[in-house]
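Single-structure report; data block below.
Residue numbering begins at 1 within each chain, and the chains themselves are lettered A, B and C in the order written.
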Amino acid sequence: MFTLPLIILADGLVFASWLFLISLGLTLIYGVLRILNIAHGSLYALGAYTGAALIIAYFDGDKWWPPGSFVVLLGAALLVGLVAGPLIERGVLRRMYGRDPAVQLIVTYALFLILEDGIKLGFGVDPYYAYKPFGLLGKVQLAGVSYPYYYLLLLIVAILAGGLLWVLINRTRFGRLVVAVIHDPEISTALGINLPVIYVVTFTLGATLAALGGAFTAPMIAVVPGIAVEVIVLAFAVVVIGGLGSPEGAALGALIVGLVRAAAVHLIPELELFTIYLVMTVVLLIRPQGLFPQVEVRRI
Amino acid sequence: MNRQILLTSLLLLTLFGGLGLVLPEWVIFLMALALAKGLVVLSVVLLMRAGLVSFGQGLFYAAAAYAVGFAINRWGIGEATVLLAIGVMASIALAALIGVVIARYREIFFGMLSLAFSMAFYGVLVKAYDVTGGSDGMGIAPPTIFGLVIPPERLRLTVYYLVLICVAIMLYLIYRYIQSPLGTLIRAIRDNEVRVAYLGGSVHRAIYLTYVLAAGLGGLGGVLVAINVGHVDPELAYWTTSGEFVFVALLGGTGSVFAPLVGAIAYELVKSYAFKFSPYTWQMTLGILMLGIIFLLPGGLWSLGQRLRRRQV
Amino acid sequence: MTAVLQVENLTMHFGMITAAEGENVVVNRGEFVGIVGPNGAGKTTFLNLVTGYLKPEAGRIRFMGQDIVGLHPNQVTALGVGRSFQIPQLFTSLTVLENVLIARSTATGSSGDFWHALRQNSRIEEARALLAQFGLEAQADRPASELPEGGRKLLDIALAFALKPKLLLMDEPTSGVSVEDKFEVMDRLVKVLEESQVTAMFVEHDMEVVRRYAKRVLVINGGRIIADGQPEAILSNPEIRRAVAGWG
């Protein structure tokens, strides 16, 4: 009797952790830079490709200690984030601050287009299979279904990422500055906060988180061109549900969507593709600004 | 100003009409496609005037196209003018429903909800394989135009002229809309919604009406593309299609009713050549071009011709 | 005497802050009432409550005898209440003339029209006449964003006035206006109002302006109306001056 709810819970948590990982960076970047980064999906894809490529190289010849592959994945994410992050923020986005938000959106869309083909040029169009880390930890039987422990790792990575970000924002000086900027960029400048530095560091952090999502997803899928496109729209939906700029919102939003989708998959399979949009519509009807909206200023 | 626009329009109409007689078929096809898509881009611009960016015009684009698909394949309706009416009515009916919900939202929430509805529709189109043909879509046989059966060698040109006529009519209607109280109220809403409320104006109603109007326009574009291409598939409702319309809207700029059409033609031409030039990197080419335009021409392509006079439509 | 506005026991709190507490006031037709008080006393909140931007926790508000609590600003405005703001709320991308045309359009219920032109000769003439009353006809075709501060204030008031309201509420009509222009703005304003016999209330910080133009003064402090009467008597009352620190 408990098997179905348990399965739904397990599936839901797995999907929720994945959703959270892919949206955390997006909501962070929006909260601080007020930019909706469409290229977020491309950074995810870069992370996936880099992770997959490194894993394939890592396991070539059976030389290295297999569990080290997880560190490799982390390394891939850092590599992508630390390189692409500052490059994009400094090279392109910096020139767009203060412009119409719609134009900023188009810039990130253009970046997405460029990276889509860039990835094809750099990595080719054939799929990358990096399954080894996925099976490394073995499986567990849960209510008659076998779950790889890798899913648990994904959950842990998601919790760690969220937790570390929370600590960063709430317990460090940098975090306090970031919160100030989120609430009021203009006053922050007036208070002498070095906005450009905050922006580049935050964007790099967000990019790394996106790449982290991609890297740890790589062992679970066939890494092909086009994974960015799906991720963008899912990440956006979670961010909107949670409230723009709110990491806690992204966590709760991811959890809700994950559980609802898992329920749909097992109970009403036809709804599977719609669940995330359904949840978003319902949430917006009840709370028009999302679950945890940022501060609203009185206008008159 | 009225006369200038009228003259320009007649001139352009004659020009495009004449071009149809001399240009090769593949160019005519492209132009028809571009102009039809230009109508959808125009619908995006209509909403941008209200300060709203719709990432879901694909919904109406696809809904109208599929309505035509059903009409031809299931109900045996083969006359172009009737199909146009069916498609437009389908998208307007859909918008009348959705608008009740979506017209309450602004900025990114409006954008995301519009995207959600479009993606949901995409899901339906893919899943309902028996009804919609799934990811393969449906074929659209050439319709009769004004009751006449068109011989295959004249089909491209005739469809092109059909598109031209529709575009001309829509430009006139949109022009009147822009000059109207509603058309100006929409700009006022973008500037200052609170003030509009404090003038006794109904912001919600204005946005709702504009949303429905934009949907009809987007649907018309969808029908024309379906007829031109002869095929519909779920991709029409995917977010990347809607994103393309927004992209082109900003490419063309918002300075005039012609701007979206200019942008659409430029876009299709560039896309076509970029693809021919390098099939694997046409997106990158487009992206680089777009960045170039944004950095060098803040007003979009249209501002090239409007450098001296900064005008807002 | 006909009561245009009747406010009974109006109460509103924002957390710990008392924005309005048991406010009672009756305003009759043709009155010109000044509202004064220190910063944060609840003057703008009063306007926000009356116009429906905020919903009061308790109390009744009647406009021309009709209960208006719970109505939205556009509904209250449609009943005949015009309002101008501390920071002028204009349509910055439209021209001055277009601003007025839109105001007239919403007032006459034609704002949903999507076929006929907004700029019709009769409407334009009417709009220009209104602008002339406020001294803005020379700037009619300039973008509203290009007006100087005094002009923006006047346009803001003109927009409220374009609705031919029965009650006009103005939030600091002369703030931000230079000292030389203040009295000119008020003179013009008072003349327009007297010509059309509109009932008006205005929030004001400049005591000279209040002393000169208001026929009646309300003093709000801490959300309460602590005085209501003739300007001279109130403004020279030492207790009131003490309670409302910051008056010279």
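Throughout what follows, contacts are C-beta pairs under 8 Å (C-beta built on N, C-alpha and C of every residue); 3 or more make two chains touch, one makes a residue touch a chain.
Keep in mind the model is a prediction, meaning the values are calculated, not measured.
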item	value
Longest centre-to-centre distance from subunit A, chain (CA-based)	C
Central chain (by mean CA position)	B
Centroid distance [mean C-alpha coordinates] between subunit C and subunit B, Å	44
Geometric centre distance via CA averages, subunit C-subunit A, whole Å	49
Whole-Å separation of chain centres (CA-atom averages), subunit A against subunit B	32
Multi-chain contact sites of subunit B, meaning residues that touch two or more partners	194
Sites on subunit C at which at least two other chains make contact	89
Multi-partner residues of subunit A (at least 2 other chains)	300
Footprint of subunit B on subunit A - complex, ascending	36, 38, 92, 95-96, 99, 101-103, 105-107, 109-114, 116-118, 120-121, 125, 229, 232-233, 236-237, 240, 244, 270, 273-274, 277-278, 280-281, 284-285, 288-289, 299-300
Interface residues, subunit C side, partner subunit B - complex	51, 72-75, 77-78, 82-83, 89-94, 98-99, 101-103, 105-107, 110-119, 159-160, 162-163
Complex contact set, residues of subunit B against subunit A	48, 53, 101, 104-105, 107-109, 112-113, 115-117, 119-120, 123, 126-127, 194, 239-240, 243, 246-247, 250, 280-284, 286-288, 290-291, 294-295, 298
Subunit C-facing residues of subunit B, complex	176-177, 179-185, 187-188, 190-192, 194-203, 205-206, 209, 213, 312
